[in-house]
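Look for subunit A in each of the two complexes below; its partner is subunit B in the first and subunit C in the second.
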Partner chain A sequence: MIMERLRATRRLLNYTPKSLFASRSHPNSSEQSICRSASGFAHWGRYYEHQKRRFGGTVWAPLGVLGKASRIQCRYFGSVAETIQRDPSFSKLNSDDISYFKGILGEKNVIQDEDRLAFANTDWMRKYKGSSKLLLLPRSTEEVSRVLKYCNSRRLAVVPQGGNTGLVGGSVPVFDEVIINMSSMNNIISFDKVSGILVCEAGCILENLVSFLDNQGFIMPLDLGAKGSCQIGGNVSTNAGGLRLVRYGSLHGNVLGIEAVLANGDVLDMLGTLRKDNTGYDLKHLFIGSEGSLGIVTKVSILSPPKLSSVNVAFLACKDYISCQKLLLEAKRRLGEILSAFEFLDNESLDLVLNHLEGVRNPLPPSMHNFYVLIETTGSNESYDKETLEAFLLHSMEGGLISDGVLAQDINQASSFWRIREGVPEALMKAGAVYKYDFSLPVEKMYNLVEEMRIKLGNSAKVIGYGHLGDGNLHLNVSTPQYDDMILAQIEPFVYEWTSKHRGSISAEHGLGLMKANKIFYSKSHRTVQLMASIKKLMDPNGILNPYKVLPHSMICDGSSVQT
Partner chain B sequence: MIMERLRATRRLLNYTPKSLFASRSHPNSSEQSICRSASGFAHWGRYYEHQKRRFGGTVWAPLGVLGKASRIQCRYFGSVAETIQRDPSFSKLNSDDISYFKGILGEKNVIQDEDRLAFANTDWMRKYKGSSKLLLLPRSTEEVSRVLKYCNSRRLAVVPQGGNTGLVGGSVPVFDEVIINMSSMNNIISFDKVSGILVCEAGCILENLVSFLDNQGFIMPLDLGAKGSCQIGGNVSTNAGGLRLVRYGSLHGNVLGIEAVLANGDVLDMLGTLRKDNTGYDLKHLFIGSEGSLGIVTKVSILSPPKLSSVNVAFLACKDYISCQKLLLEAKRRLGEILSAFEFLDNESLDLVLNHLEGVRNPLPPSMHNFYVLIETTGSNESYDKETLEAFLLHSMEGGLISDGVLAQDINQASSFWRIREGVPEALMKAGAVYKYDFSLPVEKMYNLVEEMRIKLGNSAKVIGYGHLGDGNLHLNVSTPQYDDMILAQIEPFVYEWTSKHRGSISAEHGLGLMKANKIFYSKSHRTVQLMASIKKLMDPNGILNPYKVLPHSMICDGSSVQT
Partner chain C sequence: MKIMVAIKRVVDYAVKIRVKPDKTGVETQNVKMSMNPFCEIALEEALRIKESGLASEVVAVSMGTAQCVDTLRTGLAMGADRGIHVEATGALYPLSVAKLLKALVEVEKPGLLILGKQAIDDDCNQTGQMVAGLLGWPQGTFASKVVLDKENQVATVDREVDGGLETLSLDLPAVITTDLRLNQPRYATLPNIMKAKSKAIKKFTPQELNVEIKSDLEVVQVTEPPKRKAGVVVSSVDDLLDKLKNEAHVI
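Right after this comes the complex of A and B.
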């Protein structure tokens, strides 16, 4: 049984968090996985090459025609296809505009090349595709400011773009919006080893920041599957969650300051490097998670925790969902300060991974269990952490919370456990069509949704539940051999209504983007959304920043409908 | 030397965090200390009795005359006395108003009694005193909503009030504002032991929440000297910092949801109980730290960490400030996940405590050192934590960062160390007049301000520096036998200018309130403050919520001056 496994393998190699995290960097291995960059700082050329590899060399022909309705493409991800109209209040680009931008940014940072535009117009899932004719690459806050000031005066709509790794169509144009890509603003400005405070430009790729901090003995407080491409400005603008949230909390707690450019070009300097600052309203939080619709984040100040030397990973089986919950409670209490991840998947998820991913083996053969939990600890003392984890596992086994389990003894075992958890999205993609959802729910009710969905769909589809149990974040996925509108109609709006009824969130970490802008009322009260719309109109009266996203466009474009 | 002390006393009693924290509850023992409640939930009668004890039975005669300029009282705390005018756009209370409020709240919750009004009009330092004629005690969100809707339609200004423990005059009227005290909304609504999420009404006293959670095996993520009186709604509205911030972060990270009533009576239900929710702008952050000027917080949802069983406290001496900084860096790295407090005081502070507080002894006799550091660890394993702390202390001593030190062996020793750190404000009060400041500064520059102030003031005053080093939060205090405007003129605006020059904050944790509303530009850019004012005007067009506070009143009352 478990303790035999634990003890039999205790003499094996130890590993460092660095190598462990590096081992997670498998392409398409996570919820937000995409092709990864080589090391070194990003520039546009490399970004472009990325995208090319990402799409296997296929270049998409521009689809959209300006002024015409754009049909949102649906491939893997389930969402009712919607038809929206281009807002006629926005101007269309002309040659004077191009000349003006070239004057500000220089010829080579004003991109009209069709191939490069095709990449920037398309999200990584190929689900959303715009028809922008212009991609701008500003190199400084001043350039962003001048570009936005001009666009605002001309009523040219814009879409801010970072690594373009989002899952809800937030970072690509819907129609002909000018794309402002932040890749060229990729400098680290300062790092203070006493406080652990990093200040950098928005275009820094997360993985490069991770490497930089690693050399300083620190880590980033967030870790995502997409870290090889996503940018810190995009992370902040979308309030990215990821794998370390259970330990280090959200970006609202870790981001200390922001510099942002408003729609009219005004620069808001809130780039504080202080842990405490109670001087007026803390407006930086408006920009964290507003998906570029209130301003473009140009610089970020972030608190980075010290790197700790000991990481342990256990893969456990539970007989039912209530045991998973109890295990979480015990883990919080007994592992306390060293708990760094608490992920779960159901047996359908494991089955899918075992069937569709090469080289993945069941760590707990021969039988299949109902639920699996991956627990990671991170601390400063290897032997103590391991003893603590083992004592916790023994206690949990004796208490009947765990049916079986194994503790990784080296980096290969640890990464093989992570590969199972992070491989679920990839396995789903390989299994056929998939309808993907990302909900926050009270932990005790979370899995009921999966079970109800199974009853509703019967044999017509597989329903998969996995996610960040420690954060109450369920990734619900419905897998079918082929895409079918009838299946979708059984899922939506049922899942949104169910989530709303249980006071959950219809987007735990992915944001609303274009996909769920009109679904915001499932999670937020009408009065709250009204206030959001009022703030949007206050800060971006012409509505040029990332239009059609986050909030229902009807609330933004019709001035008379917004009351406070 | 240190390790001898450590080893000589290792066999002594251990203590629990509960008893340790309880031991801190000495009246007037902290930066925000006030008289403490007995256990049990607060209601107005008890609150009133509190205040009576607080002021030693003395009842203040109402001073202010409606419509006349109000001279701010100055006793202990240094700030240039300012004269401001009542905003004539606010209506004056009439008998119809009183009848209307009685109809909503019932006779006994509409207070016109002079004694009770005198208490509610005065802050605990007796520095600020308003002349309100009406105190309202709503018992539900619905009542708060109806009261505000009426006040807004009548243009009656209001001041939201919690435990009234603030240090910047934010929670008392300036003139005749109607006081809305939240003490009667003191119910715990729910607690989820799996997620650790507590939902409660705004009027819950912090200490009562601490007791409630203690029984459940959890703690509040914030701890303040004022916990016996302060209310969670006030804590959230002022973004209270305190002693656990270095470990658990700010309320922006820990508060999961808020219910707030806007100036026009609309209720914003954002009372989520989810760790992750990316559906639109996260507006709750606008209410965290806006000091009741954007709405009245009526309910709060907060993430509480599990209670850990082991607490250790060390009191250390450092020869210079650079050693304190290096020690902080080492503590973060070597104590990592168990570090829960890193406080510092200079020798002037210790000297003051030793001279003015009874029963306090120097833990490191016979010599005086230049700096003292209090380190606390909180973890789940008594013996491991102690070993880790001892190893860290040994390492730091060998590296020359610590000159001397002692590790508490029981609750009495631990509380005697905390008594020194928390006793500084009380000692300052006893020593004479004191000019108090609360700055956030980059840690490496923090103490330079104390030294420059000393050079500037020479022998005319004692300059004391202490605070939360782990958070970069300096409490700078200037002590003189008597209050002297000449001294004040040497301190201000120098300290604000110095802080501004080093990109610090002129209020780390106390807020702006009335005291520093006009000083906001020292910490925030003009454009940022403009946007704050625009948001204030959007959410409270008549400016009835806590007027004259937080932002310069001229930016609020004159509509034409605010542009976005």
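Right after this comes the complex of A and C.
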């Protein structure tokens, strides 16, 4: 695909840390709002005062890039302290450890500098902040192996980190875990032009891979708004979904091989480049989506589809949610093999984007419709695709499914439509505090949740829904001026219970990380989770890989641990 | 009053262009083609003038191979009333285009001829000026604002020039070429795309218009600009001085 998609995430990431630190030293104390806890934990205790002074509050951060000052809600969870305690069986770092790491990695790649650590300790949404004192930048699988072997023997907890764009706090330390950042392992190892199989290291930034493949006439099978910063190792470890899943499927299908390092330093070379290989248990799938808790992915071999020349994007308006669903069905039937994306956003989402982002205009003025759908087709024959798409759109319009719509006539127009859809998370960040949820639900029921939440919260918050309608994935977001526990209490556990009742997933693509570590039972049975815990204990007996995340604490911390 | 707008089919603005291996031009096979952005702005301006009641009809003109019809359809979908396609194979340089436009103006007799200031494939910035000269019409190029006075048959055009803005008053009929800040082109809405299917596109050939396509220009070679060399990190001031003196020869 040759469209330029704007990198909202990267812009925010590029400048945010500096401004954040500038204002942190002069907090606007009169406006210090009360520091809020992590999801659902209402009890405060002695940590309250401590956090209020050091971490909480509303911070003014001038948005230099975009030219106007705006409030960014910062909500630090310091140590997500009341219910999670630092596991006392983990050792604390000492100077011998630092020297040892320097010996393996060299001085430059052992970071103890406060500013860089602060950045690595904080997640993209600025909701989670760890207190790690050490950031390591290994440059090869060998170095990762030696580091992990040492950490395992010393019982030092580690956090594997890629682009740090995750939305559930899975990429930052909870306490003082050592951060192993893969950014230095960013080489493309090989590319087979005939089969389209790309082999690269885990630290390659997705956008760079896209550019590389573009020159060869191929594309990456996944695409997400964070592409300017996210790394392929992280994408694989979180089984990232994204905008193209409806066409190219999930990473479980596209990743052909993985090289990973286990907790004890063993290197597992499963870096096959074969489309078919039925020899034994396909272990690479364990690493796809386990969020770094079973091993650190160091290399990935991925199948890339050929780049097709004809891309068409249409931005449509529907009067109600039922029309959106019917449109999806019609699209799958009539556009069939050329459909490459089907996204939806509601009226409130568009409103938010138009108000908070620069250079964005409503493609369908003057009225605001209730729902908007973005359809993209990708094919090899320009005129055929355009004809098919136009015929489908006109037919849908005559059938009353679409109330209005526009078809992009060139790449710039197509980009501007995508900017609207991809800009919703960024607009939410600018609008204030946001509670973010990501559910897989049956398509018919999906929007009911948004409407119920809207009724429940009334005027106290803005509830918006948008997402990958083509995959049955709703991104439910509640936007409030400030974080407020009362609102949180009305959202959770209601949304989780609702999802569970409809046999949906409480995390369609974002993963569990820290945010939903104890929520897995809403979507998975007890026995299933028990088996997961057994696998975790088998592969990481000391539990050093990304602790406190993914699986419920009760399943992991049952006392038994094996010294290797 | 009729407005005629000339639009050109070019390689899409957002595409990364590549030079053909034989260096005769830029690769256009399997590459996304769209309407020239300045032509979009020209058409948008014509449509706005029509919507304000000062013109009765907007005619879009394009010249070239059969695929130009796609671009004309886009123009019709934006709101043009009729299309004219001048079928011509081979390269069309600005002077030929200007001559063809003059012939069409004599057929259609528009009160205003609006073009984009230049095409993004050749960056010539010549056609508008040439056709004004051939027709003997006044021209307002690089327009960033156009105000029509129908009663007095005068167009007031703000031009973007190097020194700032220049305001000209042109007697109609006139030629206007549009610059970037004139307006923001509209999207092609589905109802309009539907209507466009029934709008007429008339075909002409250069022979019918009594224009001979020949050119005194020949493209000899097309090459990429030299790649920017990577910088070098020097280790000390002495090293820097050494490089400035012996490698760059600037001191």
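Here is the rule we go by: the second predicted complex is superposed on the first by the 475 of 564 C-alpha atoms of A that agree within 3 Å, B and C clash if a C-alpha of one lies under 4 Å from a C-alpha of the other, contacts with A are read in each partner's own complex, and residues count from 1 in each chain.
Simple rule for what comes next: a residue touches a chain if its C-beta (ideal position, glycine included) is under 8 Å from a C-beta of that chain, and two chains touch if they have at least 3 such contacts.
Quantities reported herein were computed from a predicted structural model and do not represent experimental measurements.
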item	value
First (subunit B), second (subunit C), both or neither touched by A:Ile402	second
First (subunit B), second (subunit C), both or neither touched by A:Glu390	second
Subunit B versus subunit C as contact partner of A:Pro425, first or second or both or neither	neither
Touched partner set for A:Ile506, first subunit B, second subunit C, both or neither	first
Which partner, subunit B or subunit C, touches more subunit A residues	B
Which superposed partner A:Asn412 touches (first subunit B, second subunit C, both, neither)	second
Contacts on subunit A seen with subunit B and repeated with subunit C across the two complexes	none
Touch list for subunit B against partner subunit A, complex	192-196, 217, 238-239, 241, 245-246, 249-250, 252-254, 266-270, 272-283, 285-286, 288-290, 294, 306, 308, 325, 328-329, 332-338, 378-381, 384, 388, 440-444, 468, 471-473, 503-512, 516, 520, 522-525, 527-529, 531-532, 534-536, 538-539, 541, 550-551, 564
Complex contacts: residues of subunit A adjacent to subunit C	2-4, 214, 309-311, 315-316, 361, 363-364, 382-383, 390, 393-394, 397, 402, 404-413, 415
Residues of subunit C that touch subunit A when the two form their complex	12-16, 30-32, 34-35, 37, 70, 74, 77-78, 184, 187-191, 193-194
